[in-house]
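Here subunit A shows up in two complexes: once beside subunit B, once beside subunit C.
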Partner chain A sequence: MIFNITRKELKSLFSSPMGWVVLALLQFVFGTFFLNGIEQYFQTMSGAIRPEQRIGVTEFVGANIFGIASFVMLFAVPLLSMRLISDERRQQTLTFLFSAPLSLTEIVVGKFLGLVTFLSIVIFFLAAMMSTLNFWAEIDFGYIAANVIGLWLLVASFSSLGVYVSSLTQQPIVAGIISFIALFALLLLDNFMAGDPTGTMSYLSLMRHFEPFSRGLLDTRDVAYFLLFIVTFLTLTVRRLDADRLRG
Partner chain B sequence: MTMTPAIKIEQVTKDFGALKALKGIDLSIEQGEFFALLGPNGAGKSTLINLLAGLLRPSSGKLAVMGYDVVSQYAQARQLLGVVPQELVFDPFFNVREMLRFQAGYFGRGPENDAWVDEVIESLGLTDKAHVNMRRLSGGMKRRALIAQALAHKPPVIVLDEPTAGVDVELRQTMWAFIQRLNREGHTIILTTHYLEEAEVLCSRVAMMKSGQIVALDTTANLLKQIPGKQLRVTMAPGSVLPAGIAALVRHRDGDVYTFTLNDVAQVADVLAELRQSQLTFTDMQLLEADLEDVFVDMVGRA
Partner chain C sequence: MTTVTVEARELTRIYGGREAVRDVSFTLNKGEVLGFLGPNGAGKSTSMKMLTGNLAPSKGSVKICGIDMIENPKEAKALIGYLPEQPPLYRELTVDEFLAIAARLHRVSGSHVKKAVRIAKERCGLTEMGGRLIENLSKGYQQRVGIAQAIIHNPMVVILDEPTVGLDPIQIRDIRNLIKELGGEHSVILSTHILPEVEMVCDRVQIIHKGQMVFNGSIDVLKQQRHGNRLLVGLSRAPANEELLKIPGVTSVETLPSGLLRVRHAEGGAPAEQLVQAAVNQNWGLYQINPDQTSLEEVFVQLTFQEQAA
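Presenting the complex of A and B:
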């Protein structure tokens, strides 16, 4: 039944112009940065003679494209997550879900998975685009895999926060704006706390935990951080919806 | 062996802050009943339905659907219940068939349920609209789709919360024919409505609520017996002044139309004799039985 909710969310995204527009725009942005990255690679490498100046094409293009992807998702995820619960609340269609034999956890996880599946399609196309470099160069698939996992965990974290904010209001636009501000702050927390890079607040920055993945490093501490982040916000969403049922 | 009640409500209260929406409701509805839940706005009917559907949690007390507690055994209880909401709510991204299939999917029903979905679509006159987006349906069609949605998983207990509000006569007839058929097939139907004549014709038992309490609970026939005698409606000639002898019998006046409450049919002759003696003329006269509306006004007004 949980996958029925996921399927419905996915279908909703593809039934509205929003899903297609976001998908097209993201592919356009990533495609442009990918082509620019390749062009810049040839320009830079033609001037780099010493071996220590030369870096692989995977790292050169990958750093560019995965870096921009993490930033672009900051805008895309709130746009997609804002209506998940708030719109259902506004249109009073949540009653259909609440009166079905589904637990609140199943409802929340189903919606979350629907959004994450949509975003996984975006990441899949991104990884496929990077893999096309393999036709004319020997690329580092490990580096791409680490970046893909890191980006997936990052957007899943964005989505979990987006779902939670969406459960707080009836207005999708308000949910979108709050999600964006919250994600922006969490992403750049370590920049604000530059004076104390070892502090707790700095440690909470999403970008700080994404950065090792972007270097091709898969650290279980960062994976655990993202998973905890996701579980925390999904749990908060369940609690929020449960409070609705209690208070009426 | 006693049959498990379709709905069992025991000492249920629901508070919204200082407001006590339900004040200790006790109610048992047997399987196969066509039951009406009546009451003025704010009586607590929708709150009670929302508690049954799991949209709210009771402050105290227990509710069970076919013996399953709606809180601790919510999955089984909701599996057996279909609720038609009062508001015209719909998901704007899907057509009627898609919406019904998703709704059945929430209840764990897969493609094997499609035949039933098609039957519901046909029975409610939605065949032509099965592939039309919910947004493009008229109000009446949306109402039909909502009823179909509540029936998508073929629940044995169906709750209809004001299903005919703002609905045309044709749809009402189609809808009631289908609901009556479901009732004959063994489904328990619980209806809330402001159209008391519908409840009187369709329902075998009635509960009347006021201010979060049940003020009357009996069979429709017994409730109708509670209003004694008959009513005489007389349309008088303009400017007529009734003699004091019969003025005391007037229950209701609307312009020149007077409604008298009579304990006995023989009183008709007395009223007419008084009118003749006072040389008053009338243009129309009707002898009426007490209906559920009279009982409702009497019960709710008295409580």
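Presenting the complex of A and C:
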């Protein structure tokens, strides 16, 4: 049943130009940065004589491109998530889902997975692009895997917040703007709190938990943080939709 | 054998201290078509939302084929097909795509989806529209897609909220036939404020007013109330009213502003034949005689008005 909702969401995304355009644009951006990264690698490395100055091509290009990806997703995810529930509310199609033999959790998780699946396509292409470096260099697949997992968790967290904000309003644009601001604040929380890096507030920052992944470090604490983040916002969404049924 | 498909008990819904629906109870048997009547804002849609599990009742319970909507919503919802007031349509999809999604979400197994879509399209006259985007369809066709969506999984109970709104007269006739047809094997609940429609398709009628049920019974009861013991007679050379009162069975005569006479007669005894005979014999110049029906509207107004006065 969850799968059916996911399928429906993907169909909606790809039945309008929106889905295709976003995929193409993201691929274009990442491709450009990838090319730039390789070019810069040759320039920098030809200047680096001493061995300690030399770093691997995976890390050099990867750090660049995955850093950019996390930032680009900050714009892309609210753009895609804003319609998920708010538009259904506005078009009165939420009734269609509520009348079907589905639990609210199935509806919310299905929608979330639909969005995450779509974004996984982007991440997959990104990983595939990085892997092509393997044709002429020996690359560090572990480093790529950690980055991909980190980016995936980060994007899933973005999506869960986006889904929640979308359930609060009838206007997709409002949902989009609020999600963007909320994500932006969460991402940069540790920058604002730079004076106190051990504080609780800076611990909540998404970037702080993404950073170990981008160094190639897979830490269960960070994985747990992202999973909790996702579960929290999906639960809130279910509660919000349940309130619709109870309060009308 | 009659099986109860819908059982609503003391449904009450309170919106911010105001009771939108109060103590609505009824049962519906298999194969019956129930008409839900009421003026705007009477609580028709609210009741339907509660029946379909879109809104939690403040008090009371709903059972669909014995399954409680609150305790076991998924099982109960699987037995219902619902068309809300505004048809829920994904405008960016084609009719086929949308109906396939509806079928899958309503637990039609993968191999039967295509067949279910085809049958639903046939029943709603959408066969040629399969490849069109819902966005580009006219209001009437969109309404049909909404109905197709509600019957695609062959539910036990079909709940339609104002299904004929926005349709042209021919489409309305088609849809009414469809509803009658559905009534054969499913139970249908239909809300409307078009009274003749109720008379045409429904077996039973419920009139709801200000959240309360004011009438619940067979359509025949309503029809009886409608056919009063009155005749409308047009005479070009009308005699004095006393002359008419002499005809056996006539109890009172009243001249209407239009020049017609309203003749009341005793229960059962229809004096039409004697009246015509007398008119011919005495050369009154009879040009019209027909039973004086109270329109359904009047019955409706009476029923809702009585409640107000009480």
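One rule holds in what follows: the second predicted complex is superposed on the first by the 248 of 248 C-alpha atoms of A that agree within 3 Å, B and C clash if a C-alpha of one lies under 4 Å from a C-alpha of the other, contacts with A are read in each partner's own complex, and residues count from 1 in each chain.
Keep in mind that, in the parts below, contacts are C-beta pairs under 8 Å (C-beta built on N, C-alpha and C of every residue); 3 or more make two chains touch, one makes a residue touch a chain.
All values derive from a computational prediction rather than experimental measurement.
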Superposition on subunit A - do subunit B and subunit C clash or fit: clash
Which of subunit B and subunit C A:Gln92 touches, first, second, both or neither: both
Residues of subunit A at both interfaces, subunit B in one complex, subunit C in the other: 1, 4-5, 7-8, 11-12, 15-16, 91-93, 95-103, 245-246, 248
Footprint of subunit A on subunit C - complex, ascending: 13, 15, 46, 49, 52-56, 73-75, 77-78, 80, 82, 84, 86, 88-93, 97, 101-102, 104-107, 149
Interface residues, subunit A side, partner subunit C - complex: 1, 4-5, 7-8, 11-12, 15-16, 91-103, 245-246, 248
Sites on subunit A touched by subunit B in the complex: 1, 4-5, 7-8, 11-12, 15-16, 91-93, 95-103, 245-248
Residue numbers on subunit B that touch subunit A, as the complex places them: 14, 16, 47, 50, 53-57, 74-79, 81, 83, 85, 87, 89-94, 98, 102-103, 105-108, 149
